[in-house]
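Letters A, B, C and D name the chains as they come in the text, with residue numbers starting at 1 for each one.
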Amino acid sequence: MRSVWALAAVAALSVLTVSTTTLADEGKQGGILRIYHRDSPGNASIHEGATYSLNVPFMPVFNNLVIYKQDVAQNSMDTIVPELAESWAWVNDNKTLTFKLRQGVKWHDGKPFTSADVKCTFDMLMGKSQQKFRQNPRKAWYNEVNDVTTNGDFEVSFNLKRPQPSLLALLASGYTPVYPCHVSPAEMRTHPIGTGPFKFVEFKANESIKLTRNPDYWRKGRPYLDGIEFTIIPNRSTAILAFVAGKFDMTFPTEVSIPLLKDVKSQDPTAVCVVEPNNVSTNIIVNSTAAPFDNADIRRAMALALDRKAFINIMFEGQGDIGGTMEPAPAGLWAMPKEMLESIPGYGPDVKANREEAKKLMQKAGYGPDKHLAVKVSTRNIPVYRDPAVILIDQLKSIYIDGELDVVETANWFPKIARKDYMLGLNLTGNAVDDPDQSFYENYSCGSERNYTNYCNKEIEKLFDAQSQETDVNKRKKLVWEIDKKLQEDVARPIIFHARTGTCWKPYVKGVTVMSNSSYNGYRYEDVWMDK
Amino acid sequence: MLVAERRMATIDYDLELKRAGANATGGWRRVLFLARRHVLGAAGLIIMTVFVFTAIFANVLARFDPLTVDAAHALARPSAAHWMGTDSFGRDVFSRIIHGARISLAVGLGSTALGGTIGVIVGLTSGYLSGWFDLVFQRVSDILQALPLLVLALVMTAALGPSLPNVIIAIAIPLIPTVARVIRANTLALREQPFVEAAKSIGMSEVRIAVRHVLPNTLAPLIVLATAQLGSTILTEASLSFLGLGIPEPYPSWGRMLSESAAEYVRTAPWLVIFPGIAISLAVFGTNLFGDALRDILDPRQRG
Amino acid sequence: MADMSDLVLDVKNLRTVFFTNSGLFKAVDDVSFTVRRGETLAIVGESGCGKSVTALSLLRLVPDPPGRIVGGSVTLEGTDLLTLDDAEMRAIRGNRISMIFQEPMTSLNPVMRIGHQIVEAVRLHRNMSAKEAHDLAIEMLRLVRIPEPARRAREYPHQLSGGMRQRAMIAMALACRPALLIADEPTTALDVTIQAQILALILDLQKELGTGLVLITHDLGVVAQTAQRVIVMYAGKKVEEASVEALFAAPKHPYTRGLMASIPAVPASDVAPQARLNEIPGTVPSLVRLPAGCAFAPRCKLAIKRCQEEYPPLADWGGGHLAACWRAAEVAEVA
Amino acid sequence: MFAYLVRRLFLMLVTLFGISIVIFFLLRIVPGNIVDILFAAAGYVDPADKANLEKELGIDQPLVVQYVHWIGGFLRGDFGYSYVSEKPALQEILPRIPITARLAGLALLFSASIGIPLGVISAVKQGTKLDYALRVVSLSGLSLPSFWLGLLILTASVAMFGQMPIFNPNPQTWLEAFATYAVPAAAVGFRSAALTMRITRSSMLEVLRQDYIRTARAKGASDAAVNYHHALKNAILPVITVIGIEAAFLIGGLIVTETVFNIPGVARFLVEAIRWRDYPIVQNLVMFIAVVVVFANFTVDMLYAVFDPRIRFTE
């Protein structure tokens, strides 16, 4: 029995065929795309990382079973297209997802690609194989998968415990490439082998990453580029200066802040720049297990004191979005309607009134103009973390809270949070796909490793499962909205804002699409070419 | 004959005497006289005075709270209201620089005093006791000096965590052997001096001799060294801040102000980068100028 | 008086001042004297009295800053050295006028061989080949009685003893046969036994070459042995000048008397030896804050009110015996 | 001479041994290790995964065992593997050394070729306007934060020429190679040139006060002969020492400069490695730097003997 999703996929496929032919007419072969990279990723293995510093340079090396269509900015179920799969189908009451695989695909080392590679990859992700990843940050994505089975060399099935339409979305993320069975995880960390449009050449830590064109790529005529070179420049101003000076064809994707964007445009008016939401939310993690935030009134007061517009004005010169857990509309697919959002305490437009209410709550808890509450705000020693923390501290002043910034080095951040050795933490949560399953289970379900606050609400947990199994999109949306509202009202992890960032490239660079509801999925770069 | 006449005619003997302030024996006239002889040193002293004055009266001088965020006035250009503009948080740069003087002074004085004190104790002990203590000191100081200062400070701040006292400690530790070496060398030389021998002969205790006789005589080189180090500690803090390990936000440390995120604004909001840079350079420059003059005055060997 | 052609050096009203942190001081204040061919003039005084600065002023080697010659003339063989330009002055230094310094240990360049340092002195003023100059240098070393001169010439100063070094200095100073040799405390830093040898050597060579000699010393014993005439300096001024005989016979200035009294080895005929070594109380005054009157007054047992108010003129007390003291006539009696 | 050399080499070994202990234990005091960082980056931790990884890297063993393991390997020439890249540490460190060495060499050359002549001029012209100007310039060299200077240079060059001297790993021409290194070397060398100049100046002043300089003048030697022939020969000794010490200090300056100019040398790599708690890299790199510094000091002492005939190491 075929689901609506499968039909949509077929439709999407036909769209893809049309668009590729038009692109093919325009595209010019050749050239090396030069991009700067914001930092040196620890290794080259996408499955073992949790930062898009890995996805950007290494996604071009791989293929997924399915992928979000690379030239559509907004990721959705409708834009998922086959890649190593030729087609897919939901069978067995939506409890089995079966893929027919592409034949004749070769790994970069010449070995043929088969269904065994797919099984190997996902067995390893589920922790079922002999070989282990050093780290496996997205193991929880496959919680509902019983096992992966093969049928011959070119068919593979995911057998689920219960229907989970979102699995397809997870499989379409840039985070989910297929790894070769014959290469060990350790080798994949230093010298990745894929089936993708570009072959890995070298990775010099803190220096550069080089990729070269895969001449045997299964998609004929692709890629256009002869290669991609990433030069690692952690210092942002040096990097931007270098881009302006023509040392690079493109900036690191979604790494140009709004003030820098202005700078780029003024220095190089020909540069093409886009600003998109990147589905990264800045939020506050609250330690509700210890004083003072074990007091629900103080938690609520804090939520009420937030002036989200001010954050956005300062950080993004107005170009940011207010929302709940899910990325706000229009880029986000699952965002609450405006009226619903504004009914949540602290989201109302009248900041003054909110703060008056917050003050009352604080007074109720025993604080006032003469008795301030001293609070430590912990955050990582990175500007995107630190800057909003500074604003947060300033805003808390208005409700008798004296915040002190506690800057934590990356190495100590996670252990500190895990030890519950903090009061408030300023945190960034990036969402790999704009999908409720990914964000709810990962960040709010009881026992999830990324549920830093240990927020645990069995009621909501049930709603998580309900929306996850719902195949009717509209019904599912309603459920998602309800959950999101509840999470905000519970001050589970108050969301301050959703960021928007810029990407720039020189006008001769063509075929780049910056995605608007994820910053992890759009870097295959096989359609990118240079008009030089 | 002509040459001599020309050369000598320019000198009015009595006027020169008067102008040189030869008769000034104390008070302001003496200070003015010294200032005229050491123009650069006087300039340095003025800069340092302004610097210290700013640090002490930061609360009075600052026109805004250095930590208050003001979204409405973010990245404002320098104007009558905000003399040095505002940063991306709308915080007044002038007020932050005024308050930053406190931090820089605290780091400079704190680490110099800490490193200096320990260095003096170690140096005196090592130079005075000789023996195994001296041997151990020499090796430890070799070790510390073979490690680049910034590397040592980097690891230290990483180990201690970024905070004002920790940064002071991290900068002070590499300072210890430098100070101790100078004091040790002086102590060794002084030990042979007759007045020390004399003190010994009348049965003064070794500690007493070290503290009462040797220490005061090493004061001049110590002061010279300390002033010279003051500037470099301020610079080290700035470098640590640049590498993200200095005094954390929101304290308005000059190094932090002009590093990292502020560097993003080097062209769109250059005042964010220029003013703190000038503040650091000027403060360090001032202490260096002053330290130079002090060395000229206090260290007779260097007198020119 | 000898005729003018015999006059090697004629210093008139020389004034040299120093600008220092503590103010301006007159290191040499209105000093005049002459030296004839083959004559030895001794300048005596305590340290800090301006003897050495006087000597340096003659060669125009006062470090500037902080010092400067501000007046007077220094006429060497008819040429006023103070009017020469730098190049002309360099041609005179080490050629017509040479100097031997107090510290043989530090006065030779430690990183240059002895021979080379003498060769340099020669070739600066004589048009000689390196070989000729080198031969001359060895000849000079032999002249100053250094054994194995050829080997010594190849050595560095630190390899020589103090006396040897001073001999080398003398060889260097006399290499160009100067008209005037200035010896600034040439024996002070040496062992007593060596002192006499060096002094004898200087006098021998002076006689042999007919050089005028200015001998600067604080040691009246040396003066008595070597000089024909003596100048006594105090606080930058010449306070007494006389022939050796006249001075030792009857010093006219209380300061000179004090100096003599402090040296038991050389009793002046009318000065009784003292048990105490130094009978002048107090120390040389700071040259920055000189009293208005006689600078020696605060230390002088004979001082009267006038001494404090008015500086005594340098008066001739007969036979060219000059002294600047209001009570010069009474000095002998009072003491 | 031979006894001296033996003694000297022994002390050098003691120092290096001490450094190995200091850096090893200092690093272990720093909270957090590579595993914490990897998991922090991934945003989760699974205690079993964590324990596995710590075991795999050997950082679960007692510190003394770890130390002996490291130093044993170090002495055998086995430098271990980078925790981050999993490549041999030597392979990570070695290619970066020439880059930093070139930069440091150029900076030192810069510092010596500008600092020494200017220092001599300043000393010779002591008290003149030129001296004052040179002193102010040199003091400002010691006062400007080098990263600020670097940033201003970069900004100015983009603003004025629309170009920037960014690192070029494979310079095609000699000129390109020079441009790649010269600008950052100048930025970092400004400070050491200033320092060299100051030391040269005060050393020259010291020497110019010496009796033998007066002797030379009394001989009638010209100013040039006195200053360059007599004085500089003696004054250069402390300058050599300072340049030797400066070689060690340069590493500090290079950390910042390599960051600003994005040069993939060892200095920046060291900071990155500290940040990642990549013990094998940090430890071996610090040891490498220490060996260079210790030998630089040794070389300076030997140079002393060459320049100063008084020193003959006879103790």
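Basically, contacts are C-beta pairs under 8 Å (C-beta built on N, C-alpha and C of every residue); 3 or more make two chains touch, one makes a residue touch a chain.
Which protein is which chain? UniProt says A = Peptide ABC transporter substrate-binding protein; C = Peptide ABC transporter ATP-binding protein; D = Peptide ABC transporter permease.
This structure is a prediction, so every number in the text was calculated from the model and none was measured.
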Per-chain CA centroid nearest to the all-protein CA mean: D
Selected pair, greater C-beta contact count between B-D and A-B: B-D
Chain of greatest Cα-centre distance to chain C: A
Separation of mean Cα positions, chain C and chain B [Å, integer]: 46
Chain centre separation (chain A, chain C; CA means) in Å: 91
Interchain centroid distance [CA atoms averaged], chain B/chain D, Å: 23
Contacts with 2+ other chains: residues of chain B: 158, 161, 263, 266-267, 304
Residues within chain A bordering two or more other chains: 235, 237, 267, 409, 412
Overlap residues in chain C, where contacts from two or more other chains coincide: 65
Touching residues (chain side chain D, partner chain C) in the complex: 126-127, 209-212, 214-223, 230, 233-234, 307-310
Touching residues on chain A, where the partner in the complex is chain D: 40, 42-43, 48-51, 132, 134-137, 139, 186, 189-190, 203-208, 231-235, 237-239, 241-242, 244-247, 267, 409-415, 418, 449-450
Contact set on chain A toward chain B in their complex: 235-237, 240, 257, 259-260, 262-263, 266-267, 309-310, 313-314, 317, 381, 383, 386-387, 389-391, 393-395, 405-407, 409, 412
Residues of chain D defined as touching chain A within the complex: 30-33, 36-46, 49, 52-53, 56, 82, 84-87, 92, 95, 151, 154-155, 158, 162-164, 166, 169, 259-262, 264, 268-269, 272, 275-277
Touching residues (chain side chain B, partner chain A) in the complex: 67-69, 71-72, 74-75, 88-90, 158, 161-162, 244, 248-250, 260-261, 263-269
